[in-house]
Amino acid sequence: SRNGAPEVIFGQGKTPTQMVEIMGSLASRSSNVLATRVQNAAIEPILAAFPDATHYPASRLIALQRNVPAPATTNVAVVCAGTSDLPVAEEARITAEFLGSPTVAVYDAGVAGLHRLLASIDTIRACRVVIVVAGMEGALPSVVGGLVDAPVIAVPTSVGYGASFGGVAALLGMLNSCASGVSVVNIDNGFGAGFLANRINRL
Amino acid sequence: SRNGAPEVIFGQGKTPTQMVEIMGSLASRSSNVLATRVQNAAIEPILAAFPDATHYPASRLIALQRNVPAPATTNVAVVCAGTSDLPVAEEARITAEFLGSPTVAVYDAGVAGLHRLLASIDTIRACRVVIVVAGMEGALPSVVGGLVDAPVIAVPTSVGYGASFGGVAALLGMLNSCASGVSVVNIDNGFGAGFLANRINRL
Amino acid sequence: SRNGAPEVIFGQGKTPTQMVEIMGSLASRSSNVLATRVQNAAIEPILAAFPDATHYPASRLIALQRNVPAPATTNVAVVCAGTSDLPVAEEARITAEFLGSPTVAVYDAGVAGLHRLLASIDTIRACRVVIVVAGMEGALPSVVGGLVDAPVIAVPTSVGYGASFGGVAALLGMLNSCASGVSVVNIDNGFGAGFLANRINRL
Amino acid sequence: SRNGAPEVIFGQGKTPTQMVEIMGSLASRSSNVLATRVQNAAIEPILAAFPDATHYPASRLIALQRNVPAPATTNVAVVCAGTSDLPVAEEARITAEFLGSPTVAVYDAGVAGLHRLLASIDTIRACRVVIVVAGMEGALPSVVGGLVDAPVIAVPTSVGYGASFGGVAALLGMLNSCASGVSVVNIDNGFGAGFLANRINRL
Amino acid sequence: SRNGAPEVIFGQGKTPTQMVEIMGSLASRSSNVLATRVQNAAIEPILAAFPDATHYPASRLIALQRNVPAPATTNVAVVCAGTSDLPVAEEARITAEFLGSPTVAVYDAGVAGLHRLLASIDTIRACRVVIVVAGMEGALPSVVGGLVDAPVIAVPTSVGYGASFGGVAALLGMLNSCASGVSVVNIDNGFGAGFLANRINRL
Amino acid sequence: SRNGAPEVIFGQGKTPTQMVEIMGSLASRSSNVLATRVQNAAIEPILAAFPDATHYPASRLIALQRNVPAPATTNVAVVCAGTSDLPVAEEARITAEFLGSPTVAVYDAGVAGLHRLLASIDTIRACRVVIVVAGMEGALPSVVGGLVDAPVIAVPTSVGYGASFGGVAALLGMLNSCASGVSVVNIDNGFGAGFLANRINRL
Amino acid sequence: SRNGAPEVIFGQGKTPTQMVEIMGSLASRSSNVLATRVQNAAIEPILAAFPDATHYPASRLIALQRNVPAPATTNVAVVCAGTSDLPVAEEARITAEFLGSPTVAVYDAGVAGLHRLLASIDTIRACRVVIVVAGMEGALPSVVGGLVDAPVIAVPTSVGYGASFGGVAALLGMLNSCASGVSVVNIDNGFGAGFLANRINRL
Amino acid sequence: SRNGAPEVIFGQGKTPTQMVEIMGSLASRSSNVLATRVQNAAIEPILAAFPDATHYPASRLIALQRNVPAPATTNVAVVCAGTSDLPVAEEARITAEFLGSPTVAVYDAGVAGLHRLLASIDTIRACRVVIVVAGMEGALPSVVGGLVDAPVIAVPTSVGYGASFGGVAALLGMLNSCASGVSVVNIDNGFGAGFLANRINRL
């Protein structure tokens, strides 16, 4: 990791043995290591090898934080519509927290229930960066983007069925957002959104 | 036309000669004929052959109405975000009017400018059926659908560029709408929306 | 739920614990709650927590109806070709019934066996709204739409293989229907069709 | 051409000069030559070089027939819904005729107007092979296939707009036909259907 | 079944109970019943209920033949490249046999090993209809189509990986065949090919 | 425009008359107006009506700036590989400049010529936000993202042919970037990138 | 150009002025310059500015060769089926020649006319590298690959219509080739094939 | 196998019994047999039947080498970014070794960590052919291709999630590579790359 940033392991498709090995090797170079998309079979071996690591089941993250970063002085908002998108929202939120950005979660703000979003809008506007997570039609970032001036990082999720095509409908909706100030990361890439949000939050 | 409904001609891909011939043949069977997607070259010949026909340039419609239908007693709302989607919105609106449904146009209601939509919401709620026309991310029907109880007919348009894929992004957004009570017609199918809206409005 | 409508839970991707919690919370606000796409593991816990709830195995619905809605005075037809599309057809039919619309099921009407459809056509014509469910080539809504004047809600299903692409072939067929008065909901979205049919049926 | 069959030239993307040259070269080997998809610029040069050639404008075919094949004793039906699909239907029909199969055209048989199809069904049933041409949702081959016992050759056309995707919707509909005895050729491939129909008709 | 043809059941997505019920109901109307895509769990129940039925494991077919059809006097060739495409090839072959068409199997004829195909070409040419089954690039029907005069029914299979996209590459290859006389059925639709081949073989 | 930001017009699909009207109406509300994707026919009428407007031919922008914004104190880098991507790069750069962010252009940095990119890397690293514009395989943002710590806004372009699919290849490449800190806007959306870059640059 | 290789300009989307400027700048650094996909408007200006340049109309190439490379001692075969694929085949062939590899053209070898291919197979086998160009179903590289031991570079072309999808069918066919020793370049990328063939030919 | 090359079995979709049978039959004709994509259930039976066969678990290969080929005198480089792409990289590497080409593995060269790639570039440049394996955005072959003169064989992998679409993003990136001298094989086709690399390496 150039310049002291934490190391990150992409857990998908790695065996438990590989995970423990890579985590050990990275931990010897950097005090903070974050593993994403940790597969079920790898959780126990990692926690056994690194007893000071923390597992976040909802987001499939394991964090090893031996050196707490100086906290940022401004906040990152994480907005989503509800239970279904929560794993990705939490992946984004915990990543940002791990990197030292305080977060504010607004998790009941759906497009079809505007009043709940409007009730939280001042909370969201008080943040410096806004992550918006949405599946199905992916309209939430456009609506939020029209209400705030902060940069919006849109995260499409694979939540849905039929013509949601595993997140493609949400992804396309976000790329075509008519609101300015919105950019997009890969489907279900909560990690990428949290990482970028912290980057921007610390500028 | 079974049961006295007007006849409709699909103008795309038909020569001016074919258009005039078919229009004449239909006009002899039914007092009202609507031609959609009329190509430029066919306009003059049709208007010359049918001097009592009306041409609507913005929507590429030509209407021959020799027998005004009994007007419906309730209204159809047609909602869109602005200039770009206007041709499709007008195709829907004029079709509904042609079939005897009074319409209410709300043409400046974009997702990224919620205040304008909210300012018109009572007007929309006063209608019995709501047509929502949108291109790009196609989020408007979800937002409107969450605010009204009437059936919402969503019309994706091919307005946009890049990953809008000629209306596919909007179409997918609408099919995946998280608002209940929304159904969808083909990309740019203003006619189909207006026809169905009148059907429902007259139930 | 604005204006006393029942609450609906989207069961896919929710844990049994989440389902029971959300159902309890909604039941405290609204007398009627419908859970769709209920996963197998959640059925027992929900029925244990809500002994007055009804489970409909064929359609993956669980309904809690503590306040029977005033029945509509007109009927909704639900049409499909046979056994394969039945789960989606039943999801539509039971949703409409749950919301108070009487339904008429015509479940053996395939495009390649027109005589059976024609034998039922008067039954279908007697309904105020028609839901047509079809997989594979999705041609049934066009044929039905050409025979009835009622609004047709087309539901593509993921039934098929090969170039049916999980319902895409049926979806595209329905969006391109040459019959007027047809609109479309998402692949396998029986709930959405039943909800909208009741909306229209009660206008 | 192995075994005396006529030679065929694919006219798309060939210059007028190339067309005349190839046509001359083939005409010296085979008494009958058919050029398909002849581009506008090539028509005059070909007709000038081969005064006994016949141009069929609606189908973009040019036929040079110096040796009339023995006519088949059974007929090929060509069925479509109307004006828009006519160019492809005519390409199929004239190809079959050119190869010696008498044809019967039924050109007003749409899925949404079943009564017209049913009125012609005996005519169609009297044929040995049936070509069905359809754009938009491409449902016609399924309906016809359910009514006849002859092999059905389905030809999707690029007629339509929006989610017809240049004929893909019709193609998928036909590939997923629930009627047995249906096979499919490429979008707009009237030539291929006419060629195969004659092959089967002469078995 | 109009005109005494056997009845066919589509086994995919049907429960064992549904299979036995439908099979019984059809067997009471028609002496011959063919079940395709029979799921593993349904095999035993069906064979228990219909002891005179035959199960073909390689092709997932179960045939109940109580009335042997008059055999056709000409043959159907079934051509494929090898082990991987065999299930689909056998589905086609047994369907044709079940309907009374004698078949000839040429199962080692790959495009990249032309000598084996050429060694069998006279056998294939002696047949009245040719079914060609191929996965991956789907080139075999074009090569065979260039060597024979009989109608060729091309069956793409889902055999392959990566950019074969579950049979789409083979399907597209076959639809774009430069050989005349080739038509195509759905991916993995051995049944449809066998049915149509018998139809043509009996003309 | 909430909070004094400039107004923006999307020029695509608008008639010259509509452009002049909308521009006038916006100019009366906001001192700064930017028109994007201005079609050729609209340029003269706009410049005639607004003599103080500036036209940027390479990027299809017309800017009316009557109130120069306070310049940002940090820079935005705009990186691309060369001539082909220049229109989109310039759209991004001029948008950022129009909004008051000084920009640094590095326009000869292709992935296949790393030495040129490495020669400019210190210039790029000195900027607070980096826009990377790339067509074809869209690999440049990943390479740049691995070399800088600033947030990277990736803009896919429609430059390319064949399997570039109008920018889809580049878009997918960028969404799947293995470098952290990268987010993506729509294909050819230079405006969106410039707008967001200024937003972030002013935090 | 590292290591004395010729410089190449991608002509698509470049203005005549840009072409002349870039060509001049490259010619001052390297004695040999090749411009690909030269647009019509740029031909005259380039030939006027570089009178010793050669224009190859069929392949849209302009070559400036001031230093003839040492010829390779082995040959590159370029194989295609006929007139339609010729522009891409010639782009490949002339590129290879320009780089010093002698070429052998076999331009009448279609998959549906195997005898012509087999008649030329010894000529092809005598070459060290084989380029195979094909549109429509793209089967030719598989057939050739099965007959030769040399590396085969497959070039899909956009020739075709309907489900050829601008070369996608051919591309997929080639990527899924069952013949070993085949690799693929972009649709219509004759230049890339010729460049790589020369690279391999000179090993 | 024409000309004494080893025989290869495609293990996917073959039963253990089929594998053992085919392997035995091929081993009787050729001294060297390679089985690819060997499914887990087939490993034991094959090793039991052929005790001198070697199983390579990481790459799903089983090799039976009874006649060691004369080793090539030049090397093949195999380059990838890390753990995730290793199975495909190893399939390529072992295939090339099996065919007698010595290989050099560079397995930690990611696009976002250029310094590691640059540290190994001389090792790579010393090879005669370079295989580059990459998932996600597939940018590595472009970067490597710009740094070496050897032919580059690009292998996209299905590693990734979301918009990687099972390797499609990487495949498209590679087909659109702006580096010359790059060609592409199917997604996850390590075998094809190793086979072709050996072919070229032995020229």
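Odds and ends about this structure:
Chains here go by letter, A, B, C, D, E, F, G and H, matching the order in which they are written, and residues are numbered from 1 within each.
The rule is simple: a contact is a pair of C-beta atoms (placed from the backbone, for glycine too) under 8 Å apart; a residue touches a chain by one contact, two chains touch by 3 or more.
This one's a predicted model, so the numbers in the text were calculated from it and none came from an experiment.
Listed here as common contacts of subunit D and subunit G: E.
Of the two interfaces, G-H and B-D, the higher number of touching C-beta pairs belongs to G-H.
Greatest Cα centroid separation from subunit F: this falls to E.
Measuring from the averaged C-alpha position of subunit B to that of subunit C gives a distance of 26 Å.
Distance between chain centres (mean CA atoms), subunit F to subunit G: 35 Å. One simple way to say how far apart two chains are is to compare their mean CA positions; for subunit A and subunit B this gives 41 Å.
A separation of 46 Å divides the Cα centre of subunit A from that of subunit G.
Shared interface positions of subunit E, defined as residues touching 2 or more other chains, are 162-164, 168, 171, 175-176, 180, 186-187. Interchain contacts (touch definition given at top) occur between A-B, A-C, A-F, A-H, B-C, B-D, B-F, C-D, C-E, D-E, D-G, E-G, E-H, F-G, F-H, G-H. The touching residues of subunit C, counted against subunit E in their complex, run 83-84, 159, 161-164.
By the touch criterion stated above, subunit E contacts subunit G in their complex at residues 81, 110-114, 136-139, 142-143, 145-147, 160, 162-165, 168-170, 172-180. Per the touch definition, subunit B reaches subunit D in the complex via residues 10, 12-14, 18, 22, 37, 156, 158, 166-168, 171, 186-189.
Listing the residues of subunit A that touch subunit F in their complex gives 2-3, 5, 8, 128, 149-151, 153, 171, 175-176, 180-187, 192-193, 195-196, 199-200, 203.
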